[in-house]
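Report on the following structure.
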Amino acid sequence: MLGETDLNECFDPNADRLQEECGVFGVLGHEDASALTALGLHALQHRGQEAAGIVTYDNDQFRAERHLGLVGDHFSNAETMARLTGMAAIGHVRYSTSGETILRNVQPLFAELEGGGISICHNGHFTNAMTLRRQLIQDGAICQSTSDSEVVLQLLARSREKKIVDRFVEAISKMEGAYALVALTRKKLIGARDPFGIRPLVLGDLNGAPVLASETCALDIIGATFIREIENGEVIVCTPGGIESFFPFGKRPARPDIFEYIYFSRPDSILGGRSVYDVRKEFGRQLAREAPVEADVVVPVPDSGVPAALGYSQEAGIPFELGIIRNHYVGRTFIEPTQAIRTLGVKLKHSANRSQIEGKRVVLIDDSLVRGTTSVKIVQMIRDAGASEVHFRLSSPPIRYSDYYGIDTPVREKLLAAKYNLEEMRNYIGADTLAFLSVDGVYRAMGHEGRDKTNPQFTDHCFTGDYPTPLTDLSEEQEFAHPPRLVEVS
Amino acid sequence: MLGETDLNECFDPNADRLQEECGVFGVLGHEDASALTALGLHALQHRGQEAAGIVTYDNDQFRAERHLGLVGDHFSNAETMARLTGMAAIGHVRYSTSGETILRNVQPLFAELEGGGISICHNGHFTNAMTLRRQLIQDGAICQSTSDSEVVLQLLARSREKKIVDRFVEAISKMEGAYALVALTRKKLIGARDPFGIRPLVLGDLNGAPVLASETCALDIIGATFIREIENGEVIVCTPGGIESFFPFGKRPARPDIFEYIYFSRPDSILGGRSVYDVRKEFGRQLAREAPVEADVVVPVPDSGVPAALGYSQEAGIPFELGIIRNHYVGRTFIEPTQAIRTLGVKLKHSANRSQIEGKRVVLIDDSLVRGTTSVKIVQMIRDAGASEVHFRLSSPPIRYSDYYGIDTPVREKLLAAKYNLEEMRNYIGADTLAFLSVDGVYRAMGHEGRDKTNPQFTDHCFTGDYPTPLTDLSEEQEFAHPPRLVEVS
Amino acid sequence: MLGETDLNECFDPNADRLQEECGVFGVLGHEDASALTALGLHALQHRGQEAAGIVTYDNDQFRAERHLGLVGDHFSNAETMARLTGMAAIGHVRYSTSGETILRNVQPLFAELEGGGISICHNGHFTNAMTLRRQLIQDGAICQSTSDSEVVLQLLARSREKKIVDRFVEAISKMEGAYALVALTRKKLIGARDPFGIRPLVLGDLNGAPVLASETCALDIIGATFIREIENGEVIVCTPGGIESFFPFGKRPARPDIFEYIYFSRPDSILGGRSVYDVRKEFGRQLAREAPVEADVVVPVPDSGVPAALGYSQEAGIPFELGIIRNHYVGRTFIEPTQAIRTLGVKLKHSANRSQIEGKRVVLIDDSLVRGTTSVKIVQMIRDAGASEVHFRLSSPPIRYSDYYGIDTPVREKLLAAKYNLEEMRNYIGADTLAFLSVDGVYRAMGHEGRDKTNPQFTDHCFTGDYPTPLTDLSEEQEFAHPPRLVEVS
Amino acid sequence: MLGETDLNECFDPNADRLQEECGVFGVLGHEDASALTALGLHALQHRGQEAAGIVTYDNDQFRAERHLGLVGDHFSNAETMARLTGMAAIGHVRYSTSGETILRNVQPLFAELEGGGISICHNGHFTNAMTLRRQLIQDGAICQSTSDSEVVLQLLARSREKKIVDRFVEAISKMEGAYALVALTRKKLIGARDPFGIRPLVLGDLNGAPVLASETCALDIIGATFIREIENGEVIVCTPGGIESFFPFGKRPARPDIFEYIYFSRPDSILGGRSVYDVRKEFGRQLAREAPVEADVVVPVPDSGVPAALGYSQEAGIPFELGIIRNHYVGRTFIEPTQAIRTLGVKLKHSANRSQIEGKRVVLIDDSLVRGTTSVKIVQMIRDAGASEVHFRLSSPPIRYSDYYGIDTPVREKLLAAKYNLEEMRNYIGADTLAFLSVDGVYRAMGHEGRDKTNPQFTDHCFTGDYPTPLTDLSEEQEFAHPPRLVEVS
C-alpha cells in the first residue's frame, strides 16, 4: 500500500532512481576550448543535470560561467562561448550529492594563488572532507562553499610546496574516498583518479590537444581519439610540451565502481576496455540463465532496461517489444497534483503500450531496484494493460547498502532490499515472480569466474557492504554539533 | 557534398524531420478540468513543442494561460492550475505551421459574443483561410492574430444564426482543408473533424465527464476510457445533459492522413482501431519482404525508427541492436558552432554505439526521408564507426509532394525524392543500398490489398500528389500583394 | 482614526493621489522616429507609468513593442530601437483607467485594413465606449482587448468610407468623452482632440518633421519647436506633403481640463499659452490671499506642492523651506508590512526635516486633497517633528465628484470632500486650520474674473459636478449583466 | 568643446557626480529584524544603488539575500522577509568603489568560524587592503571576492584570539583607511568606526533594541531614537545584555569627511550634531557673502543644489525659483543614442523651466564641480532657455585631488579644477561668472573660524590634498604585476 509520499513520487520522474553524480571534462591547447568543453559536458549530461560550469584561462584571466540547469540551457550560443576566451578549459556537470544546490557550490571552483591560480572540478565524494573542513576552519580558512570539493582547494592553497603539481599532490594525499579530479592552472591541465579508481577518467587526443573526460562518449562527440584510461591512483599533468604521469601513492590493483557498468555510464562508452552496452546485454543474458521463465514477451523499463532486456530476449528466445512508452518531455517537476488527480494514478513518464501487453505473459526488465516505489507502479500499469503474468527481473543484485562515494542513495532504511527478503519484495512489488542477478553473476558477465572475495575486482559495497576506503566523516559526524552556516535564502 | 546551411543543421536536432503539427484536448464537467487538460496536453506534447495554452470557463469568466514553451514549463504547479478555475477546459499544443510563433497566435483563441463567448483550438490547416481573411478584413473585421484558425472565429462571430452550434457549423462550412477543432462555450464542449477526417480526434469518458483529444494516449494518461473516434465530417456537442452528434456536410468515406501512422501519432495510441506501434512494426515487416538484404544487425534511427526496425528484424531474422544512442538532453537549439567545431562533424543528438557496428553489415531503418541532410550524416556516422556495409531502409515511400494540411514540409525543391531518382538518392545518402516501402506496401501493411486508386483509403498526397481538397490559398496567393501587418518585434 | 486599509496605504507611495492618465506622441518623416518617440514618452512618463508602447511603419510592415513598465525599462538600448525601423512612429504611456493592466490592452493598438493598416493610441476616456462595444459585438466584431480605445478601431474598420481619414472621422464622430488621439497609417500621422479639448495635444516641428505630443515638455526633450496646440474638435493630418486641418464637428469654445494645470501636466510645459509652473505659483499666491495665516515657514508636500508653496511664500512673505524630504527610490510597491512594522508608522516616501519644523508654525501646502489618507499622516509627521502649529492649505478646491474622462478618481464615497464639511475635514486631517483655494480663485489665478457659470472656461466637474458631455455608459451599465470575458490569468 | 565620450554622458544621468559609497545598517533583538533592516537600507539608498544585501541570524543559521539592484527591487515582499528569519540582522547598500560589480562582492560577507560564524559589512575603503590581500594569499588564504572588505574577514578568521571581539579588533588594527563596519555574530552586533571617524556611523534604539546605521535618517524611518554617533576609533559591542564600548587604538580628535555635509548625507540627517540641510543652507549663505552678484533669480541644479540655493537666495534677497525641472523617471541607463539623436543635445534628466529663465539674470547653484561635463550642458541649457546672464556658483571649493576612502572620484587628470584655473574653468563651463565657496568658507559655515591647518577639523583632501592616512596600496601597486583572477563572465 502506498503512503502519501510515495504517491507524490508518481509525479517526480526521477524518484526511485540512483541519481547520477557528476561529470568532468578538460582540454588544453585548442582554440575552441570552451565550445569543446560545452560539447563534452553535453555528452556527459546524464551524469548530472542540476548545474553546469566551465572555467577557461586565456593567458590573462581565468573566466567562469556557472549555472543551475542543463548545459544546453546556458552554453548554447556563440556569444556565451565568445566570453569564455582561452585555449584551455575545464568543465563540470553536477548532481549535488553533498553541499546544497546553490550557485556558489557549482563547480569548477577557483583559488587565486600567489602569482597564479587554479580551478578544480570533481566527480566523486571525499569521505573525510567534513573532518578536514573543520580542521581548516580552526586554522583560519574561510570556506565559501559547503561542497566537499572545496577542501582540496583549501589544502592546496595552504601547501608550502613551491610547484603547483606538488601542492596538488599534497592536497589529494590527505583526501579519502572516490574522485576523478580535473584541474586547470595557467600552464597545466591536470587529471587525477583515486587510488582505487572508483570514479572513471579517460584521456583523449584532439589533433594534438589532450582531453580529459569522465567517459569516452565525451571524446566521441568532439571527434577526439581515445588514448587510454587514467589509471587508479594516477596523476596526469598535461602541458603544451607533453604529458607526464605520476603515481604518488604507489600502484595497487584497481577496483572501479561496478555501478558505472550497471547504470551510470552511457551505453556507447567504453569502460575498462569493454562496451558498456555489451556488458549490460551480458547482464541480461546471465539473468536469463539464472532466472529463466516461460513468457510471451520481454519488455524493458525504458530507457535504462533496454540493453539487458535485449540480452535476456536473445538468450531466452522470447520476443523483445517496447511494451512501455517513455514520454521524453518530462521535465524535472510536473504538476503538484490535487488529490483527485493523484487517485487517477497518472503516469507522466511511462505509459503502457497495451497492444504488446494485453493477454501476454510479460518478463519486465529493469537495471536496479532501489526503494521499489516506481516498480510497484510499473508492475501495476502492466497488469492494468492486461498482462496475464508479470515476471520482474533486475539485471543487478539487491541494493542493501548506501553509497558514500558520490552516488545519491537513500538512507538504508529506505532501500527495499535492506528491509525485505525476496518473497516480501515480490509481494510488495506485486509481480508473479521476482529475481535479481546474483553478485557472482555480475562478475561472470564481466568475464570473471566470480567475485574474488579477498581482492574484489570492483567496488560493489551497495550489494555487499564492502567499502574500500575508511568512512571518516560518517564515524566523526556524530560527535560534532552542526555549526551555524550561511544559507542563501534566494 | 554539404553546403553551409546543411552543415548548420548538424546543430539543429529537429532539422530534416517532418514537424508535428498540433494537438487538442477538451474536458467538460470535471473539477480538475485544467489539470486534466495539462496532463492531456503533456501526453500530446510530441504533436507540438513551441507553445501551449489552456482556456477554462468557471461559470463567470473564461480564463486563459498561453505560453511559448513546453506544457511542463508553464503548467507545472498547483498555483497556476488554481488560477485556471472551472469545470470545463480546452487546451492546445502547437508547432506553428502558419502564423508566426508569437504569443498572440498561441491557441486556444477566444471571442466574446453577445451574452456569451467561445474559445477554439485547432489541429490542421485551412487551405482557404487567407482568402477568407482578406474578405473579412474588407468587411471590417479586425484580425488580431495571423493564424488561420482565427478565421473560424471571425466567421462564427459574424454569423446571424441564433444558436452557437449553428454559428459554429456555419463557420466551418466555409472552411476547406484539414481540421480537428475543439471549442468551449459557457455550456458546451464541441468537437469537429473535417469531412475527410484528415486530422484525428477521439472521444473518451472520465467518470461521466466527456473528453476530446487528438490521440488515445491523452485519454490513457488521465485514466479516461476510450469511447470512439469522432467520425470524418462529424460535429459532436457535449453538454452536462449528454452528447449530440451532427453530420452537417453529409457522410462520405473517411480518408485519414497516413502520416499519423507513419510518424505523428504516439506508438501507444490506437488509431482507426489499430495500434500505431503494431502498424509501424508491420511497415517494417513489409519492408523486409519488399527489400530484404543479407546483414548482421538491424539498427534503428532512434526513436522514430524503432518499431519498424523491430518488425524488420523479426521478419528478416536479423538481430536488432541499439547501434545509435540518442542524447535525450538535446534542447531545441544548441551551440552556434564556430567553423572549427563544425568541421568536427559534431552530432549532438545521436552517437554511434561502436561495439554494435564495427565490422558489421548494418541494416539502418528510419521512418521517412525528407531532405536527406540528416540521413547523410547518420550513414557517415555508421561508416565511421566501422560498419562494413550500410543498407538504408525507409519504412515509408519517397516524399515527393509538400503538405498543406498542417504538416510542416519543406518546399518541393528541398524534398530529396522530388529531385532525385533512387540511385541518385542512394548516392547522395552514401549507403550501399537504399530502399523505400512501396505505396501499395503501406496499404498492405494496413490490411488492404493495396491503394484504391479511385477512392484511396488514406490521405497520402506527400507520396502521390493526390490532394483531397482544393488548395484555394495556394492558387490565390500569387495575385495578392503582401499587405502591411503588425510585427511584434519583441 | 485609520482603518486597516488606510494603514496599508502608508506603504503604497501612490495611494491617495489622482492618478495620471496617459500620454501620446507621434512623429512623421524622421530617420530616428522610434528613438524620438521613446524620448518623448520618457518626458511624458509622469502621465502614465504602468505600460509603454511604440508602433512604427517602415514602408513594409508596422512594427510594435509594447511592455508593462517604464519607458526606460524597455526602450533603452540601440538594439530595441533598431528593431523599430521606419521614419514614422507613434507611442503611448499608460496608467490604466479602463481595461485591465494586461499586455493586450497596452497601446498603440493596430488594425489591418484592406490594403493598409492603422495604429492608434489614446489619452482620455470615451464615456459611451462600453455601450458601443456591446453593439459591435452583436454585429460580429471580435474585441481582443477590454480597452475603450479599441472601439474606435472597430468602428474605423467597419466604416464604409473609402479614405482612411474619412473612416477615422466617422469613427470618432460616434464617440463621446475626452480624447487626444494619435494615429499612424502607411502615409499619414493623424491627431485629434475631443470637441471640448478636455485632454491636451500639441503640434511641434523637428527640422521639418511634424511631431504630436500630449505636452510641450515632450517637444523640448527632442529639441522640437512648439508650433501650436491642436484645437478642440480639430483633426490634423500630417503627410510628407504637409499638414491639413479639419473641424468635422464644427467649432465651439474650448473647455480644457483644469486638472492639467493643477496636477497632471509637467511644470515646465506650456498649456493654453501659460506656463504650468507660473499658474501653480499663481494658485499659491491666490491661496495666500484667500487663506492667510501667521506662520514661521511654508513647507510644500514634495514634489507636487512646491510651485504653489513658492507662490504662497512669496505672496505671504513667509520663508519657504524643504520641511519634508522625499525619497526618490520608492518604487511602485514596497514591503508588505507586518503588524509590528505597521504600527511604527513608517513613511517610505516622505520624511520630516526636523530642523525646519521643530518649534515652528508651519503652513503645509499640497496641490489637492482626495481621500485624505496621506494628508492625515503627513500632518501627523509634521507634528511629530515638533511643529507648534500646522496650517494645511490646498491649492485647489475640494474634490467632490468623480472623473469619467481618463483620471483615476476614487468612487464618490471615498472622496473626503464629498462626505465631510470643512470643519470635519480639518478635524479628520488633524490640522490646526484647513483651507482650500476657491473655485473662483482658480479662475482668477488663470486670469479670468471668475468662473463663467453659463460657459465655464474649463472642465471642472470634480469641483462642481458640471460634466461637459453625456455619461452614456454610466447610465447604461446598470441594465446590462456583466458578460463572460477572457481573463489572462498570468 | 565636447568629445565623443563627453557627449555620451548626456545620456548617463549619474555621470559627472561624485558617486556615493555605501551604507550600513544593523539591529539586534527585534522580531522584525530583517524588515527593519530593509527599511533602514531603503532610507540609505542614496548611499549606494548598485546592490543590496541582508544577513540575519536566527539562532540556528545565518541567512542571506544579496542582490544587484535597489532595496525595493528585492526586499519588497513579505515572503522574502519571512525567509530572512531571526531577531538580528545587518545590511548593506553598495556603490562599488573597489571590486567589480558582481554578486559575490555584494555584502554583507560571511565567514564560518570554529563553532560560530560572522557576517560583516563595510562603508569606506581600506587603503592597504590589496597589500594585505597579497600577503594572505601567499599564506594560503582563498579570497572568493575581489572586495577590499573581505580582507578584514580573512584576518579575523586567522586570528589566534579566542574571543570574537578580540579577533575583530586584531583584524581592524591591521587596516588603514576609512571605515564604518557593522558585524553580526551569533550573539553580538558590533560596530566600528575608523580612528579618524572619516565615515559616519550612528547608534539608535528601537524599544530597547540597539540599531546601528550610517545616518540618522535610517533611524527616523523605523521610528528609532537617535542615541549618539559612534566615536572615531570606537568599537561598540551590542548584546542582549547591553552595550559595551572600546577604544582599542586610543583616542584622538575626530576628522570626519566634509563631503558627507556637502553631498553624501541626506539633508534630513543629523551629523556631528548639525542638520545637514542647515549646513548646506549655510554653505549657500556663505557663498552669497563671498561671491555676490546682481541677478533676478536663484536657480538650483536639482535636487542636490536646492538647500544651498535657498541659503543663497535668502542671504542675497534674490528670489528662488525651480528654473530646472528634474525628470524622476531616469533609470541608470537610457537609450544608446544614434549620432542624430546625440546632436539634438537631449537632456533626459533635466529640462529648463523657460518661464523662470527667459530674459533673466540667473544665479545657478550646484553643490560641487567634478569634471564639468554636466555643468557645461546645464549652463548651455539655461542660455538656450533665454537667460540674459548665467552666474554659476558652487557651494564647495574646487575639487583638485582624488579620494581613496570610498568615494568614486575620477582620476586627477579628469578633475576640471586639477587642470584649469578659475578663468579657464569659467570659459570651459561657458558661464558669465564662476565662483566656488572657499575652503575657509566651508569651515566658517560649519561654525569654525576657518581651517585649522595643523589639526584640520575635517577630512578635506579632495580640496587640499591633505590625506589623513597612509595610502599604502597606491604606492605599492606599481610594483606588483596584476595576478590572474577569476572573472565571472555572466
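Going in written order, the chains are labelled A, B, C and D, and every chain counts its residues from 1.
We adopt the following convention: a residue touches a chain if its C-beta (ideal position, glycine included) is under 8 Å from a C-beta of that chain, and two chains touch if they have at least 3 such contacts.
The shown structure was predicted, so the numbers you read here are calculated from the model rather than taken from an experiment.
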Give me the superposition rotation angle from chain C to chain D, based on Cα atoms, as a multiple of 5 degrees. 180
From the mean C-alpha coordinate of chain C to that of chain D, what's the distance rounded to whole Å? 36
Taking the mean of the C-alpha atoms as each chain's centre, how many Å separate chain A from chain C? 61
What whole-number Å value describes the gap between the mean CA coordinates of chain A and chain D? 50
Note the residues in chain D that touch 2 or more other chains, in rising order. none
Chain-to-chain touches, reported pairwise for every pair that qualifies: A-B, A-D, B-C, C-D
Report the residues of chain A in contact with chain D in the complex, numbered from low to high. 55, 57, 60-67, 80, 83-84, 104, 110-117, 119, 134, 137-138, 140-144, 153-154, 157-159, 186, 481, 483-490
Residue ranges of chain A in contact with chain B within the complex: 31-32, 35-36, 38-39, 42-43, 45-46, 49, 70-73, 75-78, 81, 217, 220-223, 266-268, 270, 275, 277-278, 303, 306-307, 310, 314, 319-322, 325, 327-331, 333-338, 340-341, 344-348, 351-356
